[in-house]
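Once you scroll down, you'll see the structures, which are given as structure tokens.
Same chain, two partners: chain A is paired with chain B first, then with chain C.
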Partner chain A sequence: MREASPEISRLRSAAAENAVPLHAQIELTHRCNLRCRHCYLHDSHDARGEELTLSELTGIFAQLAEMQTLFLAFTGGEIFLRPDAVDIIRAARRLGFACVLLTNGTLIDDRLAGRIADLQPLQVHVSLLGLEQAHDAMTMQPGSFRQTLAAMQALRSRGVKVVAKLVVTREAIADAEALRRLAAEQADETVFSTTLIPTLAGDNVGEELHVRPEELCRLSFDCKIPEFSNPGWPPEATVCNAGRGLLAVSPYGEVFPCIGFRMQLGNARETALEEIWRGEKLRQLRLLRRGDLPDCAGCDRQEYCTFCPGVAWSVAGDYRRAVPELCQKAERLRKFLDLKRGGGR
Partner chain B sequence: MKQYYARSANTACREVLGEAVILRLPEGEMFVLNASGSVLWALLDGTRTCAQVLADFSAAYGLNNCPEAENFLAALTEAGLVALGEAKAGRDVAQYCSSAPAAYLPPEIRTRELVETLAGICISGYTGEPDQMCQTIGVGCFDAYD
Partner chain C sequence: MPDNPAWREAALDLCGEAEECFYTVKLGCMAPGIPAGARVRVIKCGVDELSPGDVVLLRGEGELLLHRFLARWDSYIICKADRRRRPDKPWLKEALIGKAVEAVDGRGEKLSAGNFLARGSYRLLGFAAGVAYGCGLLAGLKGGKALPPPDLPCKGRNDVIYLKSCGEVWKISLPAGEAIDNPLEDVKPTAVFDAELQVIRTDKIQPAREEWQLASVEMQAISLSEKQGLLALGAKPNLRLGLETFFRLAAMRRAVAQGGVFLHASSVLTETGGYIFHGSSTTGKTTSAETFGDRKRDDDFVLLLPDAAGGWKRASWNPFVGGEEFAVTALIRPRRGEGFNLEKVAGGEAVRECLYLPPVSLPVAAQESQLAGVAKITADIPCYRLAWRKGDDLPGFLGGEIG
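Moving on, here comes the complex of A and B:
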């Protein structure tokens, strides 16, 4: 089982406890050259207004440096649709940030790979959505799988650490094991992701794409993904890092606790980030503990619970409320895992 | 020609809660300096020679000299975190070191470890860790037991 290193665990806990935004997520654009069916932006790829300029972003980076942010994750849309993406990342590097880049890889040719390597990102995360046929069906762009693999190779050959993010949907679940083997060869690290968050409009991304809990568990066993090991949530446990050690900025300057938790806190174009970060909404969020979730008191499925306040916000309009789909998932996980653990495989 | 000390270009660094946290890239090896080490690190902005770094560091703590600092500087250089080069314009101490010097202790690298997985940094998904049950696609999100 992989474990976060002790020092980084200590650091992130200390940051969260002291409300230091050690991590920030910067959405550079919502525009994308692909139309991935699972994406939370799939109905929001058109630019809604003027994206933050390089100058505005540099100002935001300077504020984040003052706020002790070390890790910046650049995400989209597809970040390399912005012609100034490299300049933006360079500006962040000059201010001492450790940069993680999230990309679909399709726009990265040898030249761009070289420019990215020169930026010395901490990691580049590249999404794989299945083997070739399934991947291209998900992105709705034939050839995208091969482009993505080529980008991974181009980056790694230049010493860039590549993380393969394997987004497993029900349609690609048959590929999971083969995909894991492929990623082990083609990337420095592999991560499985099986939860699809709602779109910006609050709609669940195609229900037919969600992996069933039983499939999730089978995946865990067959693909050696560490199985659930959550011992349950003590009432005093915090809910997540959003708004405690993490904040997010949209392409339009909107500030959220996390890109998956789109409770708008303010706009960086109008208000200093520090003021937003110290505002009442986040103060309230930081006080939230597991025991405060009104629908969860006495729940016996907490060992299997994947509650996310961002999903609750999108679906229920209140980050404290339970999400029926997640409750059902927890129940099915419990039944399935209990069966497995009882030798009923 | 005079040689000036500067943080290497292949580092990411920030003073977090009074300690300099440095990542050497692209390996992702993380170094955390103690408070005195963090003060010295802040002086390595490319505007000082070795003698000036040591003099300013000693002055910050009211010391006549500080042989430990010289050894520490050598350790940082050995670790690839510091490089010698031509002088740079403009000092940037404030950006990296906002806190006043703490009581003097010999500067040292408090911890040094390879961040093998960024599970604790910037991914979600199944890592198997109790604090990694958060399943959104967030980067930097994690659930924590406090």
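Moving on, here comes the complex of A and C:
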């Protein structure tokens, strides 16, 4: 993934240090036309109430503008299941936000691609879960792979930057190299991810989907998976950007530190975002340092641990607790790096 | 006084030896400002004494007409009836009898001077008319006087016109034999002719064109009646675009190629520096720039490029606007307010307020390039929000605060 410009990196650091929500994630809907097996919303696609309206979202955007937010990421569910998705994004663009759209692409035809291009998003992220067979098996929707590729082409032909997010699971590991070549042709940028986060109900995604370190090591290329780089965190390091330079809003107005960290801070339908952002829960979270994690003192995997308070919250109900999912992930990283150091394949 | 004997005679017919006369308006083409039946006092004058917006009395074919003066070009004057969208065919300057200075309506009530004296809003229209007619329309008129011929080669079968602005000349080739529709549907001098732009060629323009070519922009042709241009953009060799968009797009591509940025803004150069007033439409960018200084350089769109010293310079992007480069002192986002208020802005907020991502075709990742550029300029150049209201002493205030 291309590095952010030095000025953007400085903005991000300054925002996190000063508790400015430079980034906001907006879940437009939890509804989706696919049923991806790895998705954290896998069992939660049914609407649980009234989604935020265009008017409500416009009000939220105005508040975010006041709070000095610059980046908005629109995600779902599938955002284009909402007939007013383009209007919503346009409302955000009118306020000058730099917008990133996350979509499965299956609903994007030529006409919608043109409308999206007019919105001038910074990037459109599209997930590829394998080659055709593996992708469709993962989405549980035959034909979805071809629809997604068609959307990527339609968007790129209109000058929209498409980022292919290649989700590397065990089922798709055999496709990884071919998928990388395909993505190089069909997207402007490619990122790999092995992160599978627990569902909203706190259930861990099946172990069978997690890719093994030895499988990754067998790849003939370095997929530079961010979470598989050695973090080497010092104890005084902050844990992550959630609630410091980032906040998230659900389709129902719930406010979280991050879409992967579902600790509800308040509801934007009832409370001003600024008040939620300055609240006690986030104040406490911002104080959290890696050395404060109670279960982790003395752990020999600390330097491999990409601790995620969101996963801890989902699984244990306490964002400071070590949970098996995180420890297993650290173990995978250690094994991966050991194999790499030993030239293991 | 007109020096043509025939017109002198006509004027004398009307006014005798007197320096002024009264004329009763016959038609409603200047209503509602000057309705039919109004009686107008006209003083004789020459073309040099007119300002755009003046209401003038003209001697037409067998009739007198009261129309509004827009511009002068060579031996012609451009006028227009208020109720018509388009200007008259150019009048020989000898058709001018004089200008209206006072009027009463049919009931004898005095009409506001604003209805018939020069108004600022006509200056732009006048400029556009001057450019449009002066550059070519007259060449196509039967019996019209030839334009002052720019020292440029004329090629092909087409008639040739020249657009001139800010000391720069554009050569435009008109399809032979086709009627030239009346210009000024749009007051912008960039969108007035049924023509194809074939060559941009003066020593002064050429470097800019070369720069555009460096940015992979190839200008091919422009149909001004459709307000579209034909622009070659690498993989899209026949992209048709609005003329204004054409120039902007070229500038945007230059910005992407050269590490610059483009802003939805107006720029002005003052004795204390160069200032950019940016923001969305109707927020007062133009008004602020015009009020702050009289050397406004860009309206609605500004191109900023990195300079050799690591700073930023305003660059010319359109031959219809001023060509000089200048350093930028401040980025200011104006809005209407109850009084002066100047607030410094920084960080992501400044970026968001400056970030301009128009819905036009740009190279992939241009948005990211623009974002990075805006993040840099807002870090390099002081950014402000300004509240003010018309009539305030903006130069005095801003000059004291940031000048």
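Annotations for the structure displayed:
Just so it is clear, the second predicted complex is superposed on the first by the 314 of 345 C-alpha atoms of A that agree within 3 Å, B and C clash if a C-alpha of one lies under 4 Å from a C-alpha of the other, contacts with A are read in each partner's own complex, and residues count from 1 in each chain.
Note that a residue touches a chain if its C-beta (ideal position, glycine included) is under 8 Å from a C-beta of that chain, and two chains touch if they have at least 3 such contacts.
Predicted model only: the values in this text are computed from it and were never measured.
Applying the stated clash criterion after superposition on chain A shows that chain B and chain C collide. Touch criterion not met for A:A19: it reaches neither chain B nor chain C.
In the superposition on chain A, A:C308 makes contact with chain B only, not with chain C. More residues of chain A lie in contact with B than with the other chain of the pair chain B and chain C. Legend: residue contacts after superposition of the two complexes on their common chain; A:A316 is shown touching neither chain B nor chain C.
In the superposed model, A:A242 makes contact with chain B only, not with chain C.
By the document's definition of touching, both partners, chain B and chain C, reach A:G159. Residue contacts after overlaying the shared chain place A:A150 against neither chain B nor chain C. Once the two complexes are laid over each other on the shared chain, residue contacts for A:L54 go to neither chain B nor chain C.
When the two complexes are overlaid on their common chain A, residue A:S193 makes contact with chain B while staying clear of chain C. Common to the chain B and chain C contact sets on chain A are residues 2, 4-5, 7-8, 11, 14-15, 20, 22, 65, 68-70, 93, 95-98, 120-123, 159-161.
Against chain B, in their complex, chain A makes its touches with residues 1-9, 11-18, 20, 22-25, 40, 65, 68-71, 73, 75, 93, 95-100, 102, 120-123, 125, 159-161, 163, 165, 189, 191-195, 197, 220, 225-231, 234, 236-242, 244-246, 248, 258-261, 305-306, 308, 310-311. Within the complex formed with chain A, the residues of chain B that make contact are 9-17, 21, 23, 25-26, 28, 30, 32, 95-96, 111, 113-146. Across the complex, chain A meets chain C through its residues 2, 4-5, 7-8, 10-11, 14-15, 20, 22, 65, 68-70, 93-98, 117-123, 156, 158-161, 188.
On the side of chain C, the complex with chain A involves touching residues 280, 347-349, 351-355, 357-359, 361-368, 371-372, 375-376, 379.
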